[in-house]
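So, here come the structures, one by one.
Shared chain: subunit A. Partners: subunit B in the first complex, subunit C in the second.
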Partner chain A sequence: MTLVHAPSPATTPARPRPGRSRPLRRHAWSLLFLAPAAVWLAVVVIYPVFATIRYSLFNDSGSFVGLSNYKNLFTTNSLLIPFRNNVIWVVIFPFFVTVFGLVFAVLSERIRWATAFKAIIVMPIVFSTTASALVWTNIFDLDPHVGAVNAAVQAVSDWFNPPGAYPVDTAAGQTVAALASAGDRSANGAILSTATVHPGDTVRLGLIGISPLTLQRLGAKPPRQPTAAPGSITGVVWRDFSPAHPTDRSTLYPDEQGLPMLHLALLGAGGSSVASTTTDTRGLFRFSGVPPGTYRVQVVPSNFQAGFTGTFWLGPQSLTPTGSASQTAQALLSVPLIDVGMIIAYLWIWSGFSMVLIGAGLSALDRQVLEAARVDGATEWQTFRRVTMPLLAPVLTVVFVTAVINVLKIFDIVVNMAPGASQQQANTLALQIYNSGFSGGIHTGLASAIAVILFVLVVPAMVWNLKKLRASNT
Partner chain B sequence: MAIATLPEDLSPPGRAVAAAIPPTPRHRLRPWRPGRLGVNLVLALVAAAWLVPTVALLIVSFRPESLYETSGWWKVFTDPSQLTAGNYSTLFRQGLVAGGLLDSLLTSIEITVPATLLVTVISSLAGYSLTFGRWRGGNAVFYTVVGLMVVPFQVALLPVVELYRAFGAATGFNPYGTIEGVVIFHVAFGLPFGIFLMRNYYLGIPSELVEAGRIDGAGEWLLFRRLIIPLGMPAAASLAIFQFIWVWNDLFVALVFLGGYSHYPLTIYLYDQTRALAANYWVVATGAIVSVVVPLTVFFSFQRYFVRGMLAGSVK
Partner chain C sequence: MRNQLRSARLAVLGTAVATVSLIGATAGVSGLAATAGAARAPHARAHKAGGSVSVWGEWSTTEQASFLAAVKPFEQSTGITVNYSSKGSNMDTAVEAAVAGGKPPDVAFVPDPGTLDTLASQGKLTPLAPVLGPLVKNYGPAWTKLASYHNKLYGVWYKAANKNTVWYNPALFKEAGISSTPTTWQQLLTDSATLQAAGVTPVSLCTDIGWPVADLWQNLYLKSAGAANYNALAAHKIPWTNPTVTRAFDLLGQLVGHPSYLLGGTQGSLANKYPNCVDKVFPKPGTMPQAAMVIEADFVVSEITGNSANYTAGTTGKGGKACTANPSQTPCYDFFPFPAPAGSAKNASALQGAGDVGMILNDTPQARAFLKYMATAKPAEIWARRGGLTSPNKTVPLSAYPDPVTRADAKELVDASGFVFSLDDLQGSWEPQLWQDMLNFVKTPTKANIASIERTMQSQANTAFAKAGKK
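Showing the complex of A and B:
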């Protein structure tokens, strides 16, 4: 088409084309330009809003039920949980995301590497919430060997209360006695050789119920037959379970493993410890220079000392004491721990957004006003509190309201971050819409009623937006 | 006097004092304070904390599957030999099988590119019409659009599924469970912000430019193509980047509208992997890194436009 090669019309001399400049024709063009957007919005946004309101008044088989879907919503305990969680999100998240944004924006004005800092904070915004949720699931993992948070807690806990290499979690119902195999007995949290030994003898202590993961971590190798040595008591402690010979105890097999790093004591006739040693990677040990006498070998209790084994940070347990309350009160008042984890993850994602917005607001501030306040003798804090903050108020409000709207629709982070056990306690309105309307049993009436409520909740934001727009247009 | 040059109504309290003092170079205005070191330290800690999750994910994706359960990713710092690209080659070697990583990557692109282009073009057209169109009711339309900006898309899901069915019954093509169905929905919910952004940007273009073109006899299409599109490029870029990242990262819409379709975008791929019973976090981590590379590239290449889009959306 020739038009494509036409020079910019703003700079070309007049080329009379009478028909083109007629107002009616221009009017038609304008409407034509608007048409795709108008049709699209009318059909896929505006009509559905009304249709959803209509659906919410019908039951799943299509008969009119008035407001009974809404009534169900507010009288079913499991459906109150999403409301409670939305309230928790709205109360906590917008406040903190605004504060983080403000602090980061203000502080980053004072460093030379502000650009790098801002890039690091903003980066998570471009990640999908799905990916971010996965990252945080890993960080909060229950196993201190996987999750960084539990690993950090464990490191601190271990410093004060060192655990053994073979922790037995008594809280989970495990016992040291259960580890004893043929030829051992257990007493007072320790494991003893049943037979008494003398210098020059060898001892074999088989233990069962040791996790292969523990052994892998300790670098365990297959056990070896201990060699007797005069004046010494030698022996082996091993995991007395061979996958190839699952029922055979007391025999050393190459597919078994020695127990490394095990602390052993040599008990004299009176039952008190006379020597101690530690096993090697094959579970072998040796007490040298043992005077003649009768002894027993003991696997000391400290080996089985359980340290910190991890907190289920993404668990459904409530932070508020609601144990004895009624079901309804529990649904309404408990604050599950999982919410805290998800809010932390969400702050990680969105703090960059508020930082950028507030940062822009800051740089638009009149520097002279701030300097004036300082010259007048105001301290840094007074200047911030009395001058900067009031001037920033409009931006802070925008950030806060945006966060509220964002959080009302919260879905991705919940569906991806809450493990199955916590999903119900972490439920939100948007997730309930999905669960009611699209997965499992289809309850269109109920899903629509929740959607309508969600819509009603954002109406104030809509009005606020329009008012703001009006004010700026006049 | 310096004060005289300042219009009275614009001077906030205290300004007179400031103006009376000769301007000081910037570095003198902010003398060294003991707090400066503290600020650097605090922000360094914050930055480090902010990087931890990303670094963790990256390292997990580069460690062998077998190590995941036995030792933390941080062990890599003492034993760098753990690093391997094995996870990536395993996943990429699957090739383009439905439900595989590469297939999901392709599906994400198939959804995101048209959704982004359509929103950008349609918003530009509508923005032009609302800014320069000489017809009554433009403001009412614009206010409606601004009102629609906050409508949660969840409100529209069920009726749109029904609409798709009805359309399918009438024409034989049911967009439900197809890429088209997802794109149509994304475009609809991208338009309000898009029109808002484009219209606000076009307001800054002097209307004399358009008027001059009209007097010269240029048609609306020509004006749009040759004048408005080039001038509005920065806003269009911001919008496109925003829309791209939003659609790329969407899980909910795809979950609803791709029911029964055998190809999924990356977000669903990751969602499915986490739902799977077997512990396969290495697949998840590797997939997540792959899913993040595209938007990160977009972000770092067009950071300026991205930030501008964020500001345009909220700050007036």
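Showing the complex of A and C:
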């Protein structure tokens, strides 16, 4: 506002007039005191705004190109995704930051330890956005050993679906079939001996691709040749990989290892399980008292259950199926998962701020009105809905509009949180300014044009906010 | 290179950065004080010359301390004070801006031969052949060519990085019974299958924001298509739809199209940031390695040795004990040269890398003396002994390098039949798009996708080069 007023007195020069009036002199004094701030603002705000507009009309080599930078932006699809993301941010973030701020503000008025509660909610504001982004990048990390969210999902998932001793991560492209060394088949996540066996026979099942770390953990020992026993089916399951003979399969070597704790099933002629057993530390097993007949030995699927290995929460995948829509429609309609992660992180940062603002509004409320409502028999909810909310409306709108301005220029959280694979999907207008203007090549004209577009988008919200503030001041 | 370092630095926590730069600043200040003191010492003044030379470079913190140590003998013997100032990762912009503003430093080391070409074409540089005289012969033809513009030499290479490296954990190779490292790309894939049979994930694929994939792809392109094609592609003189480009994508697809060869599969790879991808092969004590190989430049060494002082260079562990996978015991690290595809052996010793080239922007006697000194073996030797520098200067004795791995690395650089710079760093404005295209291929490594990615890249390159061409 200073900006608006400052130049106008400057245009009315204090002409030396005999017997200057007192108000004018006071005016001159206030001008003098305003000058440093006005000059400062002119240099760091007003000049850059006009310089940016000017730059946006020139190309990289400095020749005037009129509106061709704008034409470039509006006729190629380079701004589609940034624009869509800005819309997503504006639609989701201001609403939730206001709601959370309101809930926290109301709650903190009625709970014990309110100061501690407020301090915790407000604390994220003192961290730099970069630090917060790093914290949340770790919280959302793909590896459940690092990421808290995936660790929590894993804890629940493993409870219902416990991982086996020999996990095969199918999500990472591993297959149970690849574990079966020469000769044996796999079906439905199990490995089946090819040979049919009868009581008194021995079975050898070689598996490859078993991590040495797993074997170490299970205390595996070198395998033994199984000994045949009448009326029993005996055998060995072992890691069919010898470092000394890396390409030789199905021979038992002393530097190989038996696979302990494998659950096995004996399948009868009909393919149904008739007995089950578990291997020992040398990979040996025995099905005793088997009636005559033909059987197969199966390594059951539960051994290879991988359990939950993590969701890429900051990944580029879309939450809204866009199917066979055109490329442009896909770019406009998809909501990438990463946006949700970033918005959660940003809410964590800013909820405290909106709580403070709304809290201030709450404490300034006329308590008599609230009491009157209660005396009239209104319930808590009715009081809140019909009295508190309308009275708070001006504060809420200021918080909301400030949040809109804040997320229109969202940059730091995106640049710091989006992993490479999702950066394109997470792009925003402000990040695109940076990418065009500073990262890689320097396209000052193009970047300036985006900046001007962003400026135009922010102005209505800003003007509205200023008007509101001015109205509430008077 | 500078982008790599920038990304690497981003990954470090703020506090760590603050601490390190604080230490670095202190070291830098005390280093400057020490050199200033040396210049004022009476025995130095006895020699002659005097005066000062202003030098800009990208080295800061420990690198800055090493550089100052390397120029100390020069200051002592000539009495010329070296006023070094670090411009961090913005060297090119800083130098070009300073030149445009008319106040360049006397000498600048830039990490990009493109800047040397630009400045030479504007006539801002001093031709060095008459200045250096016989010292020119300290560099192989590949290096001389890179520091020349229209056949005139304008630069002195001081520090180089080698991207022609695949780093592996020797203990894991041993566990899989692999006794000799692969010499062809196909052998690398066969060894990957062996590693997998042994239950060891072959590769921790660095993806980050795409530059490590670009580095890998560029290695494959250089080895399959040769340096001439590589430079033509870098200059956008052959299109991205060229069959040589398709061939390089096919080769890359042989690895990334096999998700089970990659730690965490495709999804895990896409979340694999630098330098975490290095830590998965060479972890800190307390965790075990998760994969056997990581394909990146020689700058990974500082990450490995930073993870634990236990790491020994080469295939013999500390105290002559066998290398162990457990980083708390006697872990090792080693590299093998990036293997060329079968049938492309002639390109095997062409290297991709990066380097810092020094040039004279203000022709003063002090600047000439300084650059002459920088072309000798001495300054490289001093920094090499401190660790963290490999020099393309032939006269630097290999014994100056602290360990066999660095020695092998330096030998590769010196012997290079051709040396090319990172293609992505030469693309200007569309570099980030190129990285995204590479990530897109990792996401969907199919033949059909190659064609569509190539078309996209061609149009991006067209736009970028059309803009640059208007300059």
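Basically, the second predicted complex is superposed on the first by the 302 of 474 C-alpha atoms of A that agree within 3 Å, B and C clash if a C-alpha of one lies under 4 Å from a C-alpha of the other, contacts with A are read in each partner's own complex, and residues count from 1 in each chain.
Everything below uses one rule, namely that contacts are C-beta pairs under 8 Å (C-beta built on N, C-alpha and C of every residue); 3 or more make two chains touch, one makes a residue touch a chain.
All values derive from a computational prediction rather than experimental measurement.
Residue contacts after overlaying the shared chain place A:F104 against subunit B, while subunit C stays out of touching range. After superposition on the shared chain, subunit A has more residues touched by B, the comparison being subunit B against subunit C. With both structures placed on the common chain, the touch criterion links A:G164 to neither subunit B nor subunit C. Contact with neither subunit B nor subunit C is seen for A:G283 once the two complexes are overlaid on the shared chain.
When the two structures are aligned on the shared chain, A:L213 is found in touch with subunit B and with subunit C.
Judged by the touch definition given at the top, the superposed model places A:T130 against both subunit B and subunit C. When the two structures are aligned on the shared chain, A:A430 is found in touch with subunit B, with no touch to subunit C.
By the touch criterion stated above, A:L469 is placed in contact with subunit B alone, subunit C being left untouched.
In the superposition on chain A, contact of A:P199 is made with neither subunit B nor subunit C. Taken together, the two structures place residues 128, 130-131, 134, 213, 416 of subunit A in contact with subunit B in one case and with subunit C in the other.
Against subunit C, in their complex, subunit A makes its touches with residues 59-61, 128, 130-131, 134, 141-142, 169, 171-175, 178, 208-214, 239, 241-247, 312, 314-315, 416, 419-421, 423-424, 435-436, 439-443. Residues of subunit B touching subunit A in their complex: 12-15, 17-19, 21, 29-30, 33, 35-36, 39-40, 42-43, 46-47, 50-54, 56-57, 60, 68-74, 122-123, 125-126, 128-130, 132-135, 141, 143, 145-160, 162-163, 184-185, 187-189, 191-192, 195, 209, 212-227, 245, 248-252, 255-256, 259, 266-267, 270-271, 274, 281, 284-285, 288, 291-292, 295-296, 298-300, 303, 306-307, 310-311, 314-316. By the touch criterion stated above, subunit A contacts subunit B in their complex at residues 3-4, 6, 8-10, 12-17, 20-21, 23, 26-27, 29-31, 33-34, 36-38, 40-41, 43-49, 51-52, 55, 104, 107-108, 110-111, 116-117, 119-132, 134-139, 143-148, 151, 213, 216-217, 348, 353, 356-357, 360-361, 366, 368-369, 371-373, 375-376, 380, 395, 398-399, 402, 405, 408-409, 411-412, 415-416, 430, 433-434, 437-438, 444, 447-448, 451-452, 454-455, 458, 461-462, 465-466, 468-469, 472. Partner subunit A is touched in their complex by these residues of subunit C: 10, 13-14, 93, 174-178, 194, 196-200, 207-210, 258-260, 262-268, 270-271, 273, 288, 325, 427-432, 435-436, 439, 443, 464, 467-468, 470-471.
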